[in-house]
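The structure under discussion is supplied below as structure tokens; questions concerning it will follow.
Note that the chains are named A, B, C and D in the order they appear, and that numbering of residues resets to 1 at the start of each chain.
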Amino acid sequence: MQVLYFAWLRERIGIPKEQVETSAATVADLVAELRLREERYALAFSDMAAVKVAVDQEIVDLNAPLAGVREVAFFPPMTGG
Amino acid sequence: MQVLYFAWLRERIGIPKEQVETSAATVADLVAELRLREERYALAFSDMAAVKVAVDQEIVDLNAPLAGVREVAFFPPMTGG
Amino acid sequence: MVVRVQAKDFDLGKEISALTAGRSDIGAIISFSGLVRDMAGDQPVFVMELEHYPGMTEKALEKIEAEANARWELQASLIIHRYGPLPAGANIVLVVTASPHRQAAFESAEFIMDFLKSRAPFWKKETGETGGKWVDARDTDEDALNKW
Amino acid sequence: MVVRVQAKDFDLGKEISALTAGRSDIGAIISFSGLVRDMAGDQPVFVMELEHYPGMTEKALEKIEAEANARWELQASLIIHRYGPLPAGANIVLVVTASPHRQAAFESAEFIMDFLKSRAPFWKKETGETGGKWVDARDTDEDALNKW
């Protein structure tokens, strides 16, 4: 699936998006996998209270299932307007 | 003093303003005097609940004193905006 | 703080540009435009005649604007109110408020409109198919003042 | 109902003229403009970088606008939100609502802004003398949603 990062998550991880092959069942499982990859992921996901998640462009929480999902996005709380 | 009429009060009395010589002590006394003048005044001032008063361009109530006043205006509740 | 009472039309875009020209400290601008509606209930309106009390009108609007500036942190404010015969669709009134914060801009614009409706000496007469009719003041407009 | 997410600037006056052209049934129009302030607290801001999530942004704005139209009797509504690097004083966002009644126009514009602040996927980075800094979401913005 496509994984996207925005704002300081994008900066910490160093890329705006990447293709990820995973069998993670939930968003939380995916985060756990990513954290183990490299220090920059561990750092970006060190405080999940500061991270929001969208699955196929809808805001969800960490226990949302990933079956059939094409796109997951991680970002800080939004500051538009 | 100068007496002004606006909106339907102006239409009923037939003039936008007039010079009135009076020794009325209050607005209510002035209204009583005007009512006695002619039918059109009596008609215009028949329901004082529907009439507002300004003295020297400040909204007042009927018992406001007229000593030293230069301008009295009668009009219906305002409908601006 | 600017108040204008005029017969001629105004250009909302130009008015706001003039308020904000050369400055970059403003965070939020609200504009309220009131227009002549072509219907009053189920009756068509061709023209609305706005009568006012020259002299007192300006004073009343300045007082309302000063009160808004005392209550909220405003960087600019503007009230333009037209008078005379205005066809359906025409502009009647423009209120603009600018502030560092959106809440102050929203609240002050609503405050100004609420007081303007029943504290500024304007009277509306609508003319349609059945002739002219003075618009009655609405209790809800008077009630709107109580929230402030 | 119109939503636009764009890098280029907008002209508030032209946008409102376009919404109201050829109609005379509108009674009240509210516009909210949000601008880049040149200070954040006591720190100067030279430029604000607006990042967003293309695709999701449009969906989120359309959802907020549809909800406003479901709650209030609106005759027109418009949301324009810019992205990219915006200098101090530049326009960020424009929200316009039109209704027969002023209360509906005021409330729906405020509703749209409140939800846009914390439900549309935009992120602001301010750059001043000391470099760039991501703007923190404010609890008061999240709290603002509870009143609706």
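Basically, a residue touches a chain if its C-beta (ideal position, glycine included) is under 8 Å from a C-beta of that chain, and two chains touch if they have at least 3 such contacts.
Nothing here was measured: the structure is a model prediction, and the numbers come from that model.
**Student:** Going by the stated contact rule, which chains contact subunit B and subunit C alike?
**Tutor:** none
**Student:** Average the CA atoms of each chain to get its centre, and name the chain whose centre is farthest from that of subunit D.
**Tutor:** So the chain farthest away from subunit D turns out to be B.
**Student:** Distance between subunit A and subunit B based on Cα centroids, please, to the nearest Å.
**Tutor:** Result: the chain centres lie 73 Å from each other.
**Student:** How many Å are there between the centre of subunit C and the centre of subunit D, using C-alpha atoms for each centre?
**Tutor:** Here the centre of subunit D sits 23 Å away from the centre of subunit C.
**Student:** Could you put a whole-Å number on the gap between the CA centroids of subunit A and subunit D?
**Tutor:** 26
**Student:** How many angstrom between the C-alpha centroids of subunit D and subunit B?
**Tutor:** Each chain reduced to its C-alpha mean, subunit B and subunit D end up 48 Å apart.
**Student:** Which parts of subunit B, given as residue numbers and ranges, touch two or more other chains?
**Tutor:** In subunit B, residues 81 touch at least two other chains, as defined above.
**Student:** Among the residues of subunit D, which are close enough to touch at least two other chains?
**Tutor:** If we look for residues of subunit D contacting two or more partner chains, we find 34, 102, 113.
**Student:** Which pairs of chains touch each other in this structure?
**Tutor:** Touch list across chains, by label: A-D, B-C, C-D.
**Student:** Looking at the complex, which residues from subunit B come into contact with subunit C?
**Tutor:** So the residues of subunit B touching subunit C come out as 4, 6-8, 10, 54, 57, 59, 73, 75-81.
**Student:** Using the touch definition from the top, list the residues of subunit C that touch subunit B in their complex.
**Tutor:** 34, 50-53, 55-56, 59, 81, 92-93, 113, 116-125, 134-137, 141-142
**Student:** Can you list the residues on subunit C that touch subunit D in the complex?
**Tutor:** Residues in contact with subunit D: 11-14, 16-17, 20, 23-39, 87-89, 100, 102, 105-106, 109-110, 113.
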